[in-house]
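Which chain is which? They are A, B, C and D, in the order written, and residues in each are numbered from 1.
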Amino acid sequence: MLEELKQEVLEANQGLETYDLVTFTWGNVSGFDPESENLVIKPSGVPYKQLQPDDMVVVSLDGQVVEGTLKPSSDTPTHIELYKAFPGVKGIVHTHSDWGTAWAQAGKGIPCAGTTQADYFNGEIPCTRRLSKEEVEQNYEKYTGTVIIEAFEHIEPLEVPGVVVYGHAPFAWGTSPENALHNAVVLEKTSKMTFLSRQLSENGKPELLDDYVLNKHYERKHGKNAYYGQ
Amino acid sequence: MLEELKQEVLEANQGLETYDLVTFTWGNVSGFDPESENLVIKPSGVPYKQLQPDDMVVVSLDGQVVEGTLKPSSDTPTHIELYKAFPGVKGIVHTHSDWGTAWAQAGKGIPCAGTTQADYFNGEIPCTRRLSKEEVEQNYEKYTGTVIIEAFEHIEPLEVPGVVVYGHAPFAWGTSPENALHNAVVLEKTSKMTFLSRQLSENGKPELLDDYVLNKHYERKHGKNAYYGQ
Amino acid sequence: MLEELKQEVLEANQGLETYDLVTFTWGNVSGFDPESENLVIKPSGVPYKQLQPDDMVVVSLDGQVVEGTLKPSSDTPTHIELYKAFPGVKGIVHTHSDWGTAWAQAGKGIPCAGTTQADYFNGEIPCTRRLSKEEVEQNYEKYTGTVIIEAFEHIEPLEVPGVVVYGHAPFAWGTSPENALHNAVVLEKTSKMTFLSRQLSENGKPELLDDYVLNKHYERKHGKNAYYGQ
Amino acid sequence: MLEELKQEVLEANQGLETYDLVTFTWGNVSGFDPESENLVIKPSGVPYKQLQPDDMVVVSLDGQVVEGTLKPSSDTPTHIELYKAFPGVKGIVHTHSDWGTAWAQAGKGIPCAGTTQADYFNGEIPCTRRLSKEEVEQNYEKYTGTVIIEAFEHIEPLEVPGVVVYGHAPFAWGTSPENALHNAVVLEKTSKMTFLSRQLSENGKPELLDDYVLNKHYERKHGKNAYYGQ
């Protein structure tokens, strides 16, 4: 089942290495099939180079393995929460990429300091709140989804397709596994650029992009009158 | 038409990846033919590896597509403004390279802090002023050209063949597409080196190169008595 | 003798280059055979690419070469001290990897600032005390082992499988040469991430990971109810 | 003539790219033949990949081209000054490597903050004084040699085989072209490590290595009782 989606999820997982977003097996990509309401996700702890399409695990939104002989990623409950809460999202990426993780560890969102971010994210990439002790001990991966969803209470997830989880690392998403991977790459790039530009500021705060430039860049790629690309 | 220039523009665009100046399709190179007053530019949003010479788009200085079936880069109006204002410039490069973009995001020019920059840039690489809301909404890409030209009111463009646009990223240029690419590489290198040397200073300001060393280095490569190379 | 271990030690030494942990011959890996109480270690100063299994040197815990025609790594006495003091350790890695060495040079342990570290290290990666003049002059490499052991007086070595030696560089260890290499890679990654997140903090101190998240991450990979992987 | 030395100089020049020390043609290596008192040096501005042994230029200590059809590196007069002043030096490397150049631009020597530097440099890698306007205008490349020599008035050049020239970039040397290249790689590595460890210090000054550790490390590789390697 879902053979095409398995292939897409496989390729996006391998793309994590192509774009230098992971060390060892520290990242995973899933894809969502809205019709069957199942997700397809990387098996836990398996090196990307060894992955075959049939190693991908099909999981239902209530967390049951529907198909597959391997154990799904330990982060599966986080993916499930996000698919349930964010309509239209059909791909999710989790990485421990260097620069994004640095912002996560600092407990800070990545402010929109340049057009590189504005081309894909309509504003700051937020940082979640800390998880409480109870949340961590009771159902850590599920509540990781919860704090992400809370951070997007007033933000449209497909307009700001990524987040850094406090003390942890980035998640990114999109309209497909490939698009989610794309956004994860951008999140890492802009994490680096804005780290650097913040170091160049006199007061330790990065210069922010003017709102009207942010809007312009976001809209020329994503608005209804978008004119970037063919 | 302009087959040779198309080939040069193609190769310089592919050079953006060779020199690690771009992610995805975040950069473009154009070339200018002074005789016909046409420019040749990368099509918008097409991956570099897929590009063929005939994908290059020929555009006139009034912005009309003269030849080509693809849409030209969305930054074409910026290139046009620069070719109109900077005589002798026959190649322009735009990138979102990491370190140059950091300076752009900080709203700071790259001071001449060493001979590496002085070998190619006769002084500081300036940062443009911010664009106004009106400029952004009315004709963003054209006015991006305008603010670059303003920054060069008292600077000879071919002596300082690059700039960082406030909140955005670098542009570089030269006497050919290849030469413009070369200058974009130098801009990125010197952006990194001077970021680092600034961090080593006690007062947060980079040590500047003495004027007479700057002149010496620039002149030994570019002056009429230049003696570098064969 | 110990042919299998020699092969493992060889591969882990070559892994130092694969994971970009060394320049020239600035690193070495050993493996320990608890039955014979011998260790197998890289020969001193030989490039990784030239190494053959039979070049590995077998050394006893009293420092005698048991087998091999080449001189063992000059750091052998440090490895010996650690194998004698840390039961269960069967592989040790020494590198001068960039970011880990930076922390060593600063004389600072790497605080646990994120889940990346918590996945492998149950807390801060400590920095040893300085060696005294007498220790350095009398038996430098042996006392390098001594100061590492002192740093683990109240820490279980297999729960925090790495250290930075004051003014010097990292050591990491594990249950096999391959596992020790794995931990050396993590030490380098987390050294970079926490360097960066420390730069993002307002007061020059990195934000620390909450204890209950640290425990959760460490336990889900290493506790008796671990559920990461297949 | 000097066919063997030409080959060594060629390989060391190509090593500049292997070890990522140069961009374009921003670096050169020479070798010295004490018998004939000639040096062999890279031709100016020729890409490393195109170089053939016979492209190397033979130059006498008074600056005359003895053999070769190409123009020697524009930095030849600096190399000549160093060979004349530093007996035993038989290879010199000049690069604009990123981290070493950052220290040069900051006008600071690289303090010995760790054993990585101590393994090859018996103390701080000095920074020269600024050149005066007269020196730059009269004979820039020769006086670049002069300020290097001045910095070594109280230092044995083969014990500290490298320097950063104020506002410019590193030079390194050694007992052969290959050994000089080796030292240039170490200079770059330690420039990075000590930049990073300096950022980790509370007062903006890097922690220094204890003298007795510095001596120990230097002597175990270079002293008469050296015991590193085979």
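Keep in mind that, in the parts below, a residue touches a chain if its C-beta (ideal position, glycine included) is under 8 Å from a C-beta of that chain, and two chains touch if they have at least 3 such contacts.
Remember, it's a predicted structure, so these values are computed and weren't measured experimentally.
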Set of chains whose contacts include both chain C and chain B: A, D
When the CA atoms of chain A are placed over those of chain B, what is the turn angle between 0 and 180 degrees, to the nearest 5? 90
Is it true that over half of the residue numbers where chain B touches chain D are used by both copies, so same, or is it different? different
Among the chains, which is located farthest from chain D on the basis of C-alpha centroids? A
Centre-of-Cα separation between chain C and chain A, whole angstrom: 32
Taking each chain's centre as the mean position of its Cα atoms, how many Å separate chain A from chain D? 46
Which residues belonging to chain A are in contact with no fewer than two other chains? 199
May I ask you to sort the chain touch graph into line, ring, star, complete or other? ring
Which pairs of chains touch each other? A-B, A-C, B-D, C-D
Residues of chain B defined as touching chain A within the complex: 23-24, 26, 43-46, 70-71, 74, 96, 98-99, 101-108, 130-131, 133, 136-137, 140, 167-169, 195, 198-199, 204
In the complex with chain B, residue positions of chain A that touch it: 113-116, 119, 182, 185-186, 189, 192-194, 196-197, 199-202, 206-207, 209-210, 212-213, 216, 220, 227-230
